[in-house]
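The two complexes that follow have chain A in common; it is paired with chain B in the first and with chain C in the second.
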Partner chain A sequence: MPTRSISWVSKTLAVTRKDIVSEFRTRYAINAIVMFALVTLTVISFSVGLLSPSKEILSALFWVILFFASMSGLAQAFIKEEETGTAMILRLSCEGSIVFFGKMLFNFLLLLTLSILVVPLFIVFLKVVPTDWTLFIGAVLMGLIGLSGATTIIAAIVSKASVQGALFTVLSFPVLLPLLVAVIEITTVSFTGGTFADASAPLQLLVAYDVIMITLSSMLFDFVWRI
Partner chain B sequence: MFELELKNVSKYFGARKVFENINLDLKSGQSLAIAGPNGSGKTTLLRIIIGLMVPTGGEVLFSKEKQKLDFDSYRPFLSLVGPYLSLYGSLTARENLKFISKVNGLMPSEEDIEKILEQVGLEGRGNDYFSDFSSGMQQRLKYAAALIKNPSILIFDEPTSNLDDEGKKRVFDIINRYRPDSIIIIATNEKEEYSLADSIYKLGE
Partner chain C sequence: MLWKIIIFLGMSAVIVAAFLTASPMRAANSLGPADVYRIFYFHVPQAWVASLAFVLSMIYSIRFLRTRNMKYDTKALTANKLGVMFAIVAMVTGSIFAKMTWGEFWNWSEVREVSVFILLLIYGGYFALRSAIADPDTRANLSAVISIIFAVAALFLIFVLPRIYSAFSQHPSDSIIDKSGQITMGLTVRMIFFSSLIMFTALFFWIYNLSIRVARLTAKKMLESK
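Then we have the complex of A and B:
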């Protein structure tokens, strides 16, 4: 058979592409996270929208919606592989780093799609507009990178357990707490009209979190995934 | 020339012994059937050999031209077909083969894919979803996925399960074609499959 060497990036993108094609055909994860986000957003807008909550509370609510919506769907990336028996063919086909970054990119794209839907609705329903869009978009993107990195390795861990759904949220919360604290602070600054300097401490925490989480996860992934 | 060596391999699940002190040595061109009753540890031994389970004791060594290989280095040369391994139900047969080739670092042409599908009796079914196949046809596609890597080490767990007579004949032909150049390990209880191996290792005795 004629063959040629394929780069690490191409193999990683093949994993992401396979997940996107599967997701388009089954709509399992996207339906779960979008429906969860829309229902939560509607409930929040009806329950606290009329009370004129402070910008601090609104920024926390924004991330609560994204956090719990991601909890309802992101674990599927690995749970489905284990349940359908396809995980073994992946283990026998490529190294763990390819699977980790391929799945992480898929989770990131899933969260990005969710955010593109949720952000305009959040602004309309809760009548809050970021005064500093650059800071707000930066916080969302950096937050999604950290969220997808952490949830990818946690999903791989819980995919081998028997109570996957509950365990995923329980394990994710303490791991994601520093990230949530940082992004909520930055989002608050972007809502309240603060300067970039006001957000520099949580921004540093967020960047450090993303770098450490993704580096550690990719290093440890083989131990979680292979056996 | 590949060599697979098992040195004093043992497996316990808690206090329960599955097997103990297994020693095997196989080189390219040699084939082995692992036989034994249900629960004797055939699948466990295969999982240890392919590096997806850690033995309680002993070690599994792979080498190519006398050079020791770690898991990431021998994985590209290894293929497995087993009932617990599945392909992607939401992808077509062709998409499955392309994906598996790509993550293995291969780039087969459409012609290569058609040829592999023809070898396993799935010609003209490349655009059908894996989930729409019968269990026998799914088994055939698993063979196609294993063979597309052109492996040097082939491992089969119950190789003819779910296959009809024509499918069994194709599997026998495939295994016999790879026997002269590859290491072949077959875990089976079917006596007729013993003929596919040079020697038999009995577990649970």
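Then we have the complex of A and C:
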């Protein structure tokens, strides 16, 4: 059924495009994420930049910045729909899986913008250069895919609850922990001059995590979305 | 009432036997004093019950999503409540053992200790979500979904991570259960250990049934008062 699959993709992209347009009007999520990342980065540069920390610590700090910055803005994708009352229209106009992948793609693009800003600043401020760029970029991309894949459904859950901001972090952390462990390991390898072969075990873990989490979330999404 | 007496007598017998027989570890092999290893009779069954509760709550969450029967939500919640209790107890006994043999209560490079800590964080998230949703149907639905997601994340933490970072773990598994999974224990040790396992499991199900009955009566009373 080629026509059906084409329309599925274009509908998904339409959801993403709608989110991008509304994000450009308010710039709420991107402002929150970028400012949070800049503040954390500055604090870290001021406090440990002078101590010449080891590369292992730097790779952990890099992901701490990305993790907490993404926690400050990713939940907005669904909270905004519920607050402005547009969730119902979205529910009527397309299937759950389209909404899920559309929002996931939007969150991924948001994180991509964030890391395009943060990576150069991190390298300049903390004077660490990845020796293996493909491994580093691969780790960041796979990490961002996992981050957006696992947190999209949590954002949908949280949008139905009270105390949303705090709850989002509390629920995301245990889910994202395997991802963070693996991705910090790979980043360390890319900082300390290793190759793909040195990082094969965490890379396998990372790929398995991404695939399983995205599949599981898309399967469970309808239970959250259609209440 | 009958079960209460049986569990009380059985537990007492296990406790007495655990302290009156020889230690499960010979002094020559042990890291600390051999007596410390008696905690194995209690720590392992507690950890087993905690994981049993976790699996039970996941099964009931899946059944809830398939049937939308509130009965399963109550069951999942009760299993989680008891799981927290047993996980805390297992964590405390494990820490005592760690202090006596490795010299410190807590070690972040010890995968088993970290995973029980994450398990507690997961339970914390589950209860935080439940308390943040007012509507009972939405609450049951969303907490079932999150507990399935948590269970998959926990599988990664408990089974996948320790295999990759096995070099860090000092947890005794080879000393008690060898690599092929065969238990290398004497007959007395085996008898006490398995009776303890059965008793802890019975204790869990006894408390579990009581809690379910209490929850059912509370729900009934709330309906009547309306």
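Following the convention adopted for this analysis, the second predicted complex is superposed on the first by the 221 of 227 C-alpha atoms of A that agree within 3 Å, B and C clash if a C-alpha of one lies under 4 Å from a C-alpha of the other, contacts with A are read in each partner's own complex, and residues count from 1 in each chain.
Heads up, the rule we're going with is that contacts are C-beta pairs under 8 Å (C-beta built on N, C-alpha and C of every residue); 3 or more make two chains touch, one makes a residue touch a chain.
Predicted model, so just to flag it, every value in this text is computed and none were measured.
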Partner chain(s) touched by A:170 [first = chain B, second = chain C, both, neither]: second
First, second, both or neither for A:209, with chain B first and chain C second: second
Which of chain B and chain C A:224 touches, first, second, both or neither: second
Chain B versus chain C as contact partner of A:157, first or second or both or neither: second
Residues of chain A contacting chain B in one complex and chain C in the other: 227
Residue ranges of chain A touching chain B (in the complex, touch as defined): 1-6, 10-11, 14-15, 18, 21-22, 25-26, 84-86, 88-95, 98, 226-227
Chain A to chain C touching residues, read off their complex: 150, 153-154, 157, 160-163, 167, 170-171, 173-175, 177-178, 181, 201-202, 205, 208-209, 212-213, 216-217, 220, 223-224, 227
Interface residues, chain B side, partner chain A - complex: 50-54, 71-72, 75, 78-80, 82, 84-91, 95, 99-100, 102-109, 112, 145, 148, 150
Chain A contact footprint on chain C (complex, rising order): 65, 118, 121-122, 124-125, 128-129, 132-134, 137-138, 141-142, 144-146, 148-150, 152-154, 156-157, 160-161, 164
